[in-house]
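Consider the two complexes below, in which chain A is the common component and chain B and chain C are the respective partners.
Our next item is the complex of A and B:
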């Protein structure tokens, strides 16, 4: 574990050097992300200028859910972004051999290689929205809320990561699976809004099949109302653990089936 | 004669574009499903908004209008999307642009015809299903057929103009890579700004009147808002005419702009590799 952490630091440093080469590029990327989020929030503002509440949640509560959804998304983006490249081109170009010939776990190596600083935008906006809405709503924060918040964020992050691991592992059989990852990943947008706005079919999918509802709405609704802790927090932990175990299983199976596409 | 030669020169590019998109059709469908999902999210959000609201309309839009707006905006955005910026930036970065310059065909035309091949496939697969779906929905909600052939045909004309504006805008933007070398960040910035200014994220009708008027005169509303409003029958005859003339104006503007930038940039071309 120690060795892994040390290696991770080296990888991060290496990646930062790479990034600094294109500083302007990185800055414009960060600014555009902030702008994009601002537009989304403006849009919510316009909607709420016409209606008092959305299926029982007011503007600040919706902002809280929205902000909450950005935190696990941002953490996953920060640490596990390289999984995208596996499905999009690493396997197809035959570059995956590199990961198998090193004396460290291939999954760890893929993950640690890249450290995506763009994610700080998501994390910052998420924290700002949460802080703002907590103040506006005058929520009382009890001591046990903080460990529960950390637990739910960590496990919610793993839901994102697990979905990326499982779908990018498909490329070990098919050579490329970036678009499958994209398809599953896009479902996360459903979690930004209360699940009660969806019909039964969609609700069941995002709760039990691709459990993105546990990355934002369910845990966030617990912090807002204090109701249903077992389902909201326990469900997040359970869904995330199962999904993560399955995804690692698929990854390991995939490694066994992997044949190099390299030249 | 000249025309025939023109077609003969560029037909292979269209063919290549078509083959390319057919070859990756599984990817294409996965991508499409992912993108269309966000339309459905907004559909449910709007449904909840209309449920929570006392009035039948939201700033002048009924639920039915909103659904048409959502899906036709998606369709318009999808069909007018041009990959020029990215493709050109990549070629500049890896230096293969030098190869393009020595070929006996026009630089922008190669890209245009290649992308057209791609668009033909897209039109076949998503244009008809989406339009039919939207019209079926409208029929089911209002109880009568809302489809109007003249609006639809004008929409198609406006859509083609919108695509060409988008193409030349993206070519001009891609040439910026001559100066910036790497366009990843600038490309995302462009997407965000265009989506906002073109009314794709928030309908211009929801914005303060002054802002909506200003945005109406900028080239961006020509990319998405104009065709969509024509499809929805929101414009009167005179308005349609002036909007389409505006699109033609911006198209000419973008073509000239791309030529100017190209002529200037070629002089300082410095191939990074290859």
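Our next item is the complex of A and C:
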């Protein structure tokens, strides 16, 4: 574990040096990302200027849920972004060979190779929204909220990651699965709002099948109301653990089916 | 050290009719065929040996190497290297091997070469002292100094290949796999790389398995060769045995002083040779005679030619591997396992 952390630090350092090699590209990326986030928040503002109340949640509570959803998403984006490349091209081009000829866990190696600094935008905006809404709502923060918050954020992040691991591992059989990952990943947009606004079908899907509801709405609603801790926090931990275990299993199976590419 | 037993690898390949229509059709009623890329190969390599792995394109060489390096999982059969089964104990196994794929670099594309080695040092847990000693040695045999500070993407192919080989040797592996290490390189770099491989083999006792299309690689480096074709082993033994067994094709080229002399040469009739044994190609004032040196000696061809015409230049070449294989299949020689 300590070795992994050290290696991770080294990979991150190398990746940052890499970024600096392409300064223009990096700057363009950062600017376009900030613009994208600004548009999203503006959009949210427009919606809530029309609808001040959403199934019993007021604007500030919705802001809290929205802000909360950005934290695990941002963390996943920051640390585990390279999984996208697995499904889109690493496997198809046979570049996965490289990860199998090194004496470190292939999943860890793929993940550690990229450190997506774009994600700091999401994280910053998430934190700002949370802080702002907490102040507006005058929420009282009890001491046990802090560890529970950290736990739910960590496990919520793993839900994102596990979905990406499982869907990108499909490429070991099909050669490319980037679009499958994309399809699953995009359902996370549902998690930014209370699940109660959706019909039963969508609600069940994002609770039990692709449990994105546990990445934002459920844990966030606990912090807002203090109700249902077992389902809201326990459910996040449970859903995340099961999903992660399954995804690693699929990954390891996938490696056995990997066919490389001709050379 | 390396035991390969009845190794097989099958790929499922989708059969598609050409064009968009075919693609759509394949989407709704997919048809697959099984391709046997490696079809029951066995061999054994003792420690410290340099084994040349040869065969035409698509013979299954790379697939075998990829199974030996733990990248691919065999359909059936086993391989055991240093007591490890590559697929089972992958992480511990790859720590003891070095891998170079000539077509594909393993270096960090945008980093200075020096940084790449620093990262590899960490990945392989090489102690500082050993790393320093190792770098000095690799520097000396592969002459990395001139480009060690440049980003990998700016290196020439020859530099990159040297860098790749150095990268694969940093952790002092017991077995080195080289898949076409001299592909596309000029003579000087080829020599440099061959020397390095030889030196490493001699000093560290590293077992080397290399695939190549270059006969010189085999001649200069390999104690033994395994030849495969269509996924099956067709020869296993010394290079000389191969020559001996399949006839020794030689190529003699004469540059004539006068172009009109060409008509004076009539090898087949005068030396009583069959079409199989000798082939003549004329181009301008040069004559190229390809012959089986078991049937007719170099001396006979030379003295016959010199007695008939005036010669400006003579060049004697070995037949390449492709030619030996071609000949092998034309004659449909059956080979007993050596």
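Here, the second predicted complex is superposed on the first by the 262 of 263 C-alpha atoms of A that agree within 3 Å, B and C clash if a C-alpha of one lies under 4 Å from a C-alpha of the other, contacts with A are read in each partner's own complex, and residues count from 1 in each chain.
Following the convention adopted for this analysis, a residue touches a chain if its C-beta (ideal position, glycine included) is under 8 Å from a C-beta of that chain, and two chains touch if they have at least 3 such contacts.
None of the values given here were measured: they were computed from a predicted structure.
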item: Room on chain A for both chain B and chain C (clash or fit); value: fit
item: Partner chain(s) touched by A:105 [first = chain B, second = chain C, both, neither]; value: second
item: Contacts of A:244 with chain B and chain C, given as first, second, both or neither; value: neither
item: Touched partner set for A:35, first chain B, second chain C, both or neither; value: first
item: Touching partner for A:97 - first (chain B), second (chain C), both, neither; value: second
item: Chain B versus chain C as contact partner of A:160, first or second or both or neither; value: neither
item: First (chain B), second (chain C), both or neither touched by A:54; value: first
item: Partner chain in contact with A:260 - chain B first, chain C second, else both or neither; value: second
item: Of chain C and chain B, partner touching more chain A residues; value: B
item: Minimum C-alpha spacing, chains overlaid - chain B and chain C, in Å; value: 5
item: Chain A residues contacted in one complex by chain B, in the other by chain C; value: 22
item: List of chain C residues in touch with chain A within their complex; value: 11, 62, 66, 69-73, 87, 90-92, 94-95, 97, 99, 101, 103-104, 106, 108, 110-111, 115, 119, 122-125, 151, 179
item: Footprint of chain A on chain B - complex, ascending; value: 26-28, 30-31, 33-35, 37-38, 40-41, 44-45, 47-49, 51-53, 58-59, 180-186, 188-189, 191-193, 195-196, 201-202, 206
item: Complex contacts: residues of chain A adjacent to chain C; value: 3, 6-7, 10-11, 14, 17-18, 21-22, 94-95, 97-98, 100-105, 255-260, 262-263
item: Chain A residues within the chain B interface of the complex; value: 22, 24-33, 35-36, 39-40, 42-43, 46-47, 50-55, 176, 178-180, 182-183, 185-187, 189-190, 192-193, 196-199, 202
